[in-house]
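As structure tokens, the structure follows; a few thoughts come after it.
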Amino acid sequence: MTTDVIAPANTLRAGIIGGGFMAAVHTHAARAARAELTGGASSSADRARDAADRLGLGAAFDSVDALLADPGIDVVHICTPNSTHAAIARAALEAGKHVICEKPLATTVTDAAELTALAADRGLVAAVPFVYRFHPMAREARARVARGETGRLLSVQGAYLQDWLAEPHDDDWRVDAELGGPSRAFADIGSHLVDLLEFVSGERIVRLNASTRTVYAARSRHADIATEDLVAVVVELESGAIGTLLVSQVAAGHKNGLSIELSGASGSIRFEQERPEQLWLGRVDGSSVLERDPARLAPDAARLALVPAGHPMGYQDAFNAFVADAYAAIDGSAPDGLPRFADGLRAVRLTEAVLASAASDGWVEVAAA
Amino acid sequence: MTTDVIAPANTLRAGIIGGGFMAAVHTHAARAARAELTGGASSSADRARDAADRLGLGAAFDSVDALLADPGIDVVHICTPNSTHAAIARAALEAGKHVICEKPLATTVTDAAELTALAADRGLVAAVPFVYRFHPMAREARARVARGETGRLLSVQGAYLQDWLAEPHDDDWRVDAELGGPSRAFADIGSHLVDLLEFVSGERIVRLNASTRTVYAARSRHADIATEDLVAVVVELESGAIGTLLVSQVAAGHKNGLSIELSGASGSIRFEQERPEQLWLGRVDGSSVLERDPARLAPDAARLALVPAGHPMGYQDAFNAFVADAYAAIDGSAPDGLPRFADGLRAVRLTEAVLASAASDGWVEVAAA
Amino acid sequence: MTTDVIAPANTLRAGIIGGGFMAAVHTHAARAARAELTGGASSSADRARDAADRLGLGAAFDSVDALLADPGIDVVHICTPNSTHAAIARAALEAGKHVICEKPLATTVTDAAELTALAADRGLVAAVPFVYRFHPMAREARARVARGETGRLLSVQGAYLQDWLAEPHDDDWRVDAELGGPSRAFADIGSHLVDLLEFVSGERIVRLNASTRTVYAARSRHADIATEDLVAVVVELESGAIGTLLVSQVAAGHKNGLSIELSGASGSIRFEQERPEQLWLGRVDGSSVLERDPARLAPDAARLALVPAGHPMGYQDAFNAFVADAYAAIDGSAPDGLPRFADGLRAVRLTEAVLASAASDGWVEVAAA
Amino acid sequence: MTTDVIAPANTLRAGIIGGGFMAAVHTHAARAARAELTGGASSSADRARDAADRLGLGAAFDSVDALLADPGIDVVHICTPNSTHAAIARAALEAGKHVICEKPLATTVTDAAELTALAADRGLVAAVPFVYRFHPMAREARARVARGETGRLLSVQGAYLQDWLAEPHDDDWRVDAELGGPSRAFADIGSHLVDLLEFVSGERIVRLNASTRTVYAARSRHADIATEDLVAVVVELESGAIGTLLVSQVAAGHKNGLSIELSGASGSIRFEQERPEQLWLGRVDGSSVLERDPARLAPDAARLALVPAGHPMGYQDAFNAFVADAYAAIDGSAPDGLPRFADGLRAVRLTEAVLASAASDGWVEVAAA
């Protein structure tokens, strides 16, 4: 009755570690990429069972080790608290799995560098979901900068503002330095900001001067809080451009306010995550707002535009594209702009520089690598 | 090694008819809803094979009849040209399949009414993707109107403006009255507009007066074009409210500009599809823009909000929600706001009224049912 | 000590009739245009004295007749209730004064036509403050349409929405048909809308079909209210374009929401009075928002741009430009786009057509003149 | 014929020094405030005559000294290049004139402090047009912060971005350190930014760390340019809040992009000069955009709102309000928020701190006074 059975050439088999909001986002993306959702693990067998049930995973493993020992799993998604990333990622790579690990990749540069080297040694795909790279208009911004449309970079203005910790009683495992690591706001969201800024500008931050603040020394489940709510930074980039970064998780009214603006000798460009379908293109003689229209985008942006102009794309679409590209890399292709462990390491390095500058009350140089 | 295997209670098996852009959108949504994508059919076996390959469907059927004859298929998605909807939907219902049929459900009120009755007789779920109902903020608007926040309705302002037919050479099967039916712009997008307007307002249009224009009498593959590019309408609603509708596919610069604004005795409310994450709430004493924040939404809106505030949702997310609700209905639940064949019929009835008004150059009453 | 005394060649001497908000706006504009504010009159000598004091007028006249009899006054600004406009304007013209008369020029076409003829006979400048013509970006829109940038006109979408009568108790002399005339919302603000639409498009409305509503039959000081709060119209223009107009003074949240959008075969253009410093330019291939930058504007727009780009201009600036142009006309020049009594008559004619259509429940033709 | 002659109690007689764009802005404002425009002076008698003619001043003086020697002049507006401000202001005060002096008040803290003391000694009104304080919504922001609506201040984000020097050939006397002084971008526009930030927040910057850049070392008429195009700063305020400032005159696409955002423990507030009719009010639970509606504003904001909601106010309106308040101070009242020489001094002090930080590559403390 049917002419033939068609199956994707290489259906990947994915395992999901963790069961929170990000695990759900990863699972949706893996399903959209036609993976087989082999199973999940969490901090306990019960939690794994609950997550597998909610997310529609094929099986619940008793432990992370059990999952990693399953030869039927090709790729592991790590969606657990920050301080556990490095150990799980190391174990996964050593088990021969490809890895998609949530940011921050690690809580120290040493760990992040070791993981990056390990992935390279083993020839495994190891990616970090700097998901905002996957909005078509972020790609469009990068393509325009790369082809010289904005000219020599002069200034940058970046911000990542949220308010989910704005109330004194707001709390979360991230507030706990044991789980979250030595940096909170910068590691959690500043890492996205610097990744996107360097990705779009094609330039590295070479020097920075930061102030940090911990606004609430105690929250509902934590006292003597050691990590920062808020960071203000002046940066210098390799071309000599200067600029400012503001990162806060206590900025009332901002839900996920990630924005970058680059001004160059020939033009400016601005991307805002909460309005991801457009770019502001600043020109001395006639600025404009460019709406996502696949017909008018650079190839690397157009390929991510799954629906026509006027049909908004959003966060999950960007995440789906990230996972699809990571899977394509596993499948042997080399998708442009896939954030790999080296990019995760870069963000950890900048986070350490921010903490060091605030501690020393002065400028800190940032190594390029 | 694994504790147990978990499978969704009722995995639906879906068939996709058609292979164009909308078939892809339906397929993504079916996959997100964890359906088994059993197979597809199209206007030829070759096209079916191509679509099955692209979309990742399990099988390619030689014909629509072959697909409908497969007892393994529970639900059929009809994504073919307008004039074929009625016959395929009828056959599918007669084959005992649940049906999701693209709008317009039919090109005549008679056909649409017959299909609506048939689905009821057979006890099958029969839905039409009036997808814009599934943006959380469209639901929020409806909930606020329903609980009286805007008061007695006084005026409405609706528009659906596109430009994909703005150039004289732009062409498509929709321009052909044989395939597209007797109305073009209104059937294609005006149907979404009146559905959303009645859905959000909770009121019916009872009377209308329309002008239509066919701007280009010939396009690249069609001469003597009989269907309209453009419609302007004055409407009266059951409460006595009056308003205007403008529908155009030749409005340069508008990609998918669907918007509705309702003004009542206590407040106004505005939803724009191209900015689906917000509502404008007009008040004499302090208007505001409400951003989608699940914590602040009515239950029926919050349940559709899959990601937190500040993480944009888009068109595919809305479509996924529509299909998930249609599948839930098949599974026995009664999701609020699912657009069924009766709603498809309603849109056809209003389309016929628009054509009748333009032809008679005067007001036309619209039956309530 | 000083090299010489410099005086404007022709300092006009202006008289202000009325003492409300609009009288203040006229006075500010006359002062900015370097007129000598000779004096004012109102409905009583006491009110005249109060107004002269508040507004800084040179003298308070006992009556309108007394003011008109003063040979030292060159130009009279009429800022009184609608139903008094015609008689005062007639007396002023007969007294040989140039006249600036608030809209609506008259409450009947007959009166408006007579005044228009009288001004022509006497060779006097007679202007009506359709002030929104004097935003640089409204001029820019008109210039772009006139030079063919938007192509053959296909559709129009206009609205003028306010909420100052949205509460049942809101009241004003305008609600009283004796003072305000037979039309309320349309005469008061619809007149601005149709003037701006015809001014920018360069086309006349030739046919229309309107519904009107009086939402509150009684307000705090009026019962059996005869005039409309709300009007919805379908229009046809001389080129064959169609469109919609919505006019309301009961649209909660809208303070002064005048907007027009024209879509032509080559592009669309949109002007919103509440954002008067920009135009939306709709294009199939790349829409943009044009900000007011004198360097980039058509000459007739640039001449009205008194401050550089980025320094917002507003309502009083537009009013100042209107009065400056009216005074320039009195001084013998012929400024482009000055709204004269013929334009005031045109708006009255369209207002009568709207009332006639609503009364007859059908289409009404509108004479071109 | 007239009942009586009414004259403003105290008509001020104003003199205008300088003849450029700012002189025109000051003149419009003086005229709106019903001053007698006694005369003007400039760098030569010819230029004075030209300016007097264009601006409608009563007389052209041969020199600044001649103007200052005229006993008929009450108040002097200084609109000349930066480096001349201090000497002219000193001479004017010594001549017993009230003074309105363009910013920067002086090019050194020493001069600015001396002038501030001199004005106090003589009991003369001495004001600096930090005009952005006079937008009603800037006042509203200040009032809301002052009454605790935003809570303890946590972070600030300020920018003043322009592009009028973005092209390498763009040039002006400001580029010349002899005329413009040792700081360019920060003295010219950064001074407005820090004034507005401290005015609205009610807090002083106590410490800062700045980077500066001179992008073009040569322009059309200048080589070896010594002053900065661009400044990036991290600031700390007296409450412990931190934040960033970015000031640039080479930011393509920004015409007059002054913006400040304050985030406090209870809410955020944002004012943008290019959209001066609204404030963004950020809240964890429901942000909003507050449009200027006199009925809803704090008294100090409402008194500056000359036209109703929905009728945009702009730059000249703000300037008119500044001059009206300065004149009211001369007339003996004490208008809230009038920027006086002490405020001019404050901006000079912060400018010096920025230059010192950039020179020393480290943090600089800023004296409170």
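So that you can tell them apart, the chains are marked A, B, C and D in the order they are listed, and the count of residues begins at 1 in each.
One rule holds in what follows: a contact is a pair of C-beta atoms (placed from the backbone, for glycine too) under 8 Å apart; a residue touches a chain by one contact, two chains touch by 3 or more.
Because the structure is predicted, anything quoted here is derived from the model rather than measured.
Contact tally for B-D versus B-C: the pair with more C-beta pairs in contact is B-C.
A centroid comparison over C-alpha atoms places D as the chain most distant from chain B.
Separation between the centroids of chain A and chain B, computed from CA atoms only, is 35 Å. Rounded to whole angstrom units, the spacing between the C-alpha centres of chain B and chain D is 54. Separating the centre of chain B from that of chain C, both taken as means of CA atoms, is a distance of 42 Å. Shown for chain C are the residues that touch two or more other chains, namely 254, 287, 291, 293. Those residues of chain B that touch chain A in the complex are listed here as 1-8, 21, 25, 28, 31-32, 34, 39, 45, 48-49, 52-53, 56-62, 66, 69-70, 162, 254-257, 273-277, 291, 293, 306-317. Interface residues of chain A facing chain C in the complex, by the touch rule stated above, are 285-291, 293, 295-296. Listing the residues of chain C that touch chain B in their complex gives 150, 154-155, 157, 159, 161, 163, 166-168, 209-213, 215, 229-230, 232-236, 240-246, 248, 250-254, 263-268, 280-284, 287, 361-363.
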